[in-house]
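Both of the next two complexes hold chain A, though its partner changes from chain B to chain C.
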Partner chain A sequence: MLIRPAADDFRVVGDALGRVFLATAAAALLPVVWAIIGREWHPLGSFVLMVGVFVAVGGFLVAISRQKSDPLKTAQRGLDWSHGMVVVAVAWLVVPAVGSIPFVLSGHFASPVDAYFDAMSGLSTTGLALVADLDHLASSINFWRHLLHFLGGQGIIIAALLLFAGKGGTTLFHGEGREDRMLPSVQSTAKAIWAVSFLHLAVGVVALSAVASVILGYSWNRALFHGLMIFFAAFDTGGFAPQSTSIGYYHSATFEAVTAVLMVAGALSFGFHFRLWSRSDRRYTGRSKRVDVSDRDANSRWSLLKNLESRAIITTFLLTLGFTLVGLAAMGAYSSVTGLSRQGFFQLLSAHTGTGFATVPSAEMAGWVGLAFGGMAVAMALGGMASSTAGGVKALRIGLTVRAITDEVRGDLLPDGALVDDSYYQFGRRRLTAEVARSAMVVSLLFVALYLIGAAIGIVYDVPLQSALFESVSAGANVGLSVGVTDQAMPVLLKLTYIVEMWLGRLEFIAAFVLVGFIYAWVRGR
Partner chain B sequence: MTDPKWKLPLWVPNPIDSIILFASEALIVLAFALIAVALSAIVLWIF
Partner chain C sequence: MRRLLTLAASATFLVVLLAPPALAIDVTAKELIDDGAEYDGMTVTVVGELIGDYGQRRGGYTWTQLNEDPYVVEPIARDGRPAGGNIGIGVMVPSPLMEGLDAPGRYRQVGPLVSLTGVWKYHDPARHGESFLHVAELALVRRGEALSEPPDWAALVGGAALMVGGALMLYARRRSEQST
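Moving on, here comes the complex of A and B:
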């Protein structure tokens, strides 16, 4: 029997949601400033409206959550795990809805559904787009599209987390799939995440702008604009670009190389970044009992290569790269080593990191068949590291699943009574418990089911099997590469399918399931 | 400088660590790119 949520549960959720919306309103002031500086008066009105709606909804929720509440009861019923999950799930549905207001009013979207599609794609760091005439979009609207990547990637929830003091913050933190606790408190961990992001922001924008200015010959303000937009989309593994031809627009190997470094940075976990960035003797090693903090080796930068997740992602990257290159060579797509390695490597890296940038047109990619298609689709489905901005199954789950299977097989092959070493290395030696293995396998299977259901709905609408699968994986794994299925003319139900896939993929299912359970308990519980 | 609650050293980044961070990320891309070039040469030679 389910217990119906009490009024205090709604108050706690409403208060947290209200704070998230107010924090988003603060971030949404940036495009307002951009539009004023750029004298883009029409978009300015739509941004002011959007900020107003965020403030009104957020302020209303905070106000009614505090009204009539018994201070003692409210203190007792703090934000617990399920509340945090509900907040995350609802925030990721409502923020794109309000965030799509400037898109709707821009005249570049055929319908509100298309605008919501792009806003969800932005916030979930996917990169699939339904915008029309992108090359003539107002720069402030383009900035807002890319800022959604940054807000989504770094976590609107993490930003709001700084407003929460106490235990509840941890819940929101886990709800977004970021499970690495690097520093003693949630606040200090969130600050470290932002520090990593802003360091990359500074270095990445300068590097990209310098290439655009010096090598491509752009004026300084145009170079800065492109540098900023591409940084947001690359580091947050988003995939939006200010031009319809994506990275192919720049025709520059140097620009592609800098973008590739930022894509890889985005797909690395924050724990990985943190250990690369900090000296071992100054590093907090964590309070987890599963980690042997006396293991000095666990503190060195080189120990990162011993991590199960690092080994899993290196293996899957090399395998999918091999498949893709063999497939492209067999097709005769490229006749030179330079062409094959440059195009194959960039597209595959973009797919595996979940970014979605492309240097080949989607019509050309639609012609990638056989092993080339297989390599790209598998790379997209697997994704980057856990606790990164990348989507997909994640390398840690792949590593744990493979390890659990090999342990099972070894156990069967060894004599009765023989002990199988069930430990693995991930920032220190840990035990692979049945619970950890089951959790990894369940989420992996859910991702596979999501990809297949999305592909099946595409097939219903006469999309060829290969294209339907490619596009579904791209949406569900928050990648953004397209073979041309994502188009303004596609059926509304298919658009809604991809929206749900992007949402579920970003939340890694659990938060969405808790929301459904919360609603069900409210309706049917006692 | 220590965390007031946990009495543990607070993390303070320095420029050398930052250079190591970006150099490591660039090296990862360079290593994979070189492997891609080598693989491309081999597969084009085969096909």
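Moving on, here comes the complex of A and C:
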């Protein structure tokens, strides 16, 4: 029997949602400042309106969600697992809706659906775009587009946790598709994630701006602008760019190289970053029982390469790169080895990390067939590491699924009674239980289903099979590469399909399913 | 006779030297993007708006972007309607040709409309697979223009009112908590 959510459940959810909106309002003040400094008065009004809506909605929810003191109750109700999931799922629908206000008022979008599409694309770090005349867009709105990547990639929930630390943080944390808690508390982990992000922000922006200024010859303020925008989009594996020709605008191998480093950094899990830059593993293993530190090399940075996830992502990257390069060579797309290598490597890296930057036009990429198409599509579908800003199935799930299958086969081949080693290495030795394997396989299958459903809807609208599949995978895996299907002229239902794909892919399904269950229980429960 | 032949040869040489623009094919940026391989190595002429940045690099060349899309005629900041994405190509222009041009197209700035003639390089091996127009000649068609956009007072006032409203609700809740 379904139990209808009680008034207290709504209060708990409303209070947490209100706090998330208030945290987002604080972040949304940044483009206000940008517009004032840049004297962009028209966009300024739209940003003030957006902040006002966030504050009003957040303040209203927090105000009405106050639980009445009851002397019979020993404690106020806190956020439990299902509440946390509902909060995350709703926040990821409402934040882009309010965040699209400046887009709608800019005049650069044909409809509010298009504006919502871009806001969802930004927040989910996808990078597909329906903006019209991007090359004349106000710099403050461009900044907001890219800041959405940063907020989505680093986690608006994590930001809210830092601002309003309280009960239920763990469920909010997991609801955003993050599984890797590096430090004992969620708050300290959230701080560590933002510390890693700001360190990369400083180094990344300086490096990109230096290249843009010294090598590309841009004025210092324009170099800084490009450096900041591309950093947000690369490190958060987003894919928006300040110019319509994406990274191809810069015509520079050096700029691409720096961008590539940032894309890789974005596709690594925060746990990987944290251990890479920590002096010792003891800081996080000392108080945690999750990791078996008996491994002799557990404190070595090289042990990171032993991780099942690291080996899985290196293997899939090399395989898909090989497919793509061989495919491009077979097509005769490039007349030189260096051209083939540079262009093939960059597009594939962009696809596998889930970034979505391109140095070739989408019309040209639409002509990539055979192995080149296969390599790109598979790379997009697989994605980066778990608990990173990248989307897709994720390398850890691929590794676990392959490992579970090979263990099963080995078990069948060995004599009866022989024991199969069912452990794997991931920041220490762990057991591959049936539950872990099943969980990895279920989510992997859900992603495959998502890609196929999106492609099927594209085909219904007469999009060719290859293009429909490519675009659906790109949306569902939060990549952002396009072969030209994503366009203002595409049917509204297809736009909505990709919006749902971006949302589901970013939340990795569970939070969305819990929200549906919560609504169903509210309607049909007793 | 020899003098006559020398004169004729010199005249022919001069004609060939000064002739390239006349031999150029008129194309659109979209044609170069969609069928880039067909025009590889050919001298073409494209008309469009210079966009983004003038990146002056070593070697005496300036890199920028040439857009040829509906916004060249009707920018959104001047009541143009959304009409799809931008259509642009990379262009490499000898820096002396860029002298005196207005700022490139950006927010509130319509870039100069120019006619560029040069060789279309498709997946150029010398630049590791990049595609761009290597410009030899630039002709200004229309000067750039600064645009203005008035403040959106309704949004500004509405947003400020909502902020005050939200803050008051939070204040009321805090007061209520303190009183219980």
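Everything that follows uses one rule, which is that the second predicted complex is superposed on the first by the 501 of 526 C-alpha atoms of A that agree within 3 Å, B and C clash if a C-alpha of one lies under 4 Å from a C-alpha of the other, contacts with A are read in each partner's own complex, and residues count from 1 in each chain.
Here is the rule we use: contacts are C-beta pairs under 8 Å (C-beta built on N, C-alpha and C of every residue); 3 or more make two chains touch, one makes a residue touch a chain.
None of the values given here were measured: they were computed from a predicted structure.
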Practice problem: Figure out whether A:56 sits in contact with chain B (first) or chain C (second), or with both, or with neither. | Solution: second
Exercise. Considering only touches as defined above, state whether A:318 meets chain B (first), chain C (second), both or neither.
Key: first
Quiz item: Is A:278 touching the first partner chain B, the second partner chain C, both, or neither of them?
Solution: first
Quiz item: On chain A, which partner's contacts cover more residues, chain B's or chain C's?
Solution: C
Self-check item: Contacts of A:340 with chain B and chain C, given as first, second, both or neither
Solution: both
Practice problem: Scan A:243 for contacts with chain B and chain C and give back first, second, both or neither. | Solution: second
Quiz item: Touching A:349, do we find chain B (first), chain C (second), both, or neither?
Solution: first
Practice problem: Applying the touch criterion given at the start, work out whether A:254 contacts chain B, chain C, both or neither, answering first, second, both or neither. | Solution: neither
Quiz item: What is the contact status of A:192 with respect to chain B (first) and chain C (second): first, second, both, or neither?
Solution: first
Quiz item: For A:466, is the partner it touches chain B (first), chain C (second), both, or none of the two (neither)?
Solution: neither
Quiz prompt | Set of chain A residues, in rising order, touched by both chain B and chain C | solution = 334-336, 340-341
Quiz item: Considering the complex alone, what residue numbers of chain A touch chain B?
Solution: 183-185, 188, 192, 195, 199, 203, 257, 260-261, 264-265, 268, 273-274, 276-279, 282-284, 301, 317-318, 321-322, 325-326, 329-330, 332, 334-337, 340-341, 344-345, 348-349
Quiz item: In the complex formed with chain A, which residues of chain C make contact?
Solution: 33-34, 36, 51-57, 62-63, 65, 67, 69, 71, 75-77, 80-88, 90, 92, 105-109, 123-125, 127-132, 149-156, 158-163, 165-170, 172-173, 176-177, 180
Quiz item: In their shared complex, at which residues does chain B touch chain A?
Solution: 3, 5-6, 8-14, 17-18, 20-22, 24-26, 28-29, 32-33, 35-37, 39-41, 43-44, 46-47
Self-check item: Touching residues on chain A, where the partner in the complex is chain C
Solution: 22, 40-42, 44-60, 62-63, 66, 69, 105-110, 114, 129, 131-139, 215-219, 222, 226, 243-245, 248-249, 251, 253, 333-336, 338-343, 359-361, 363-364, 487-489
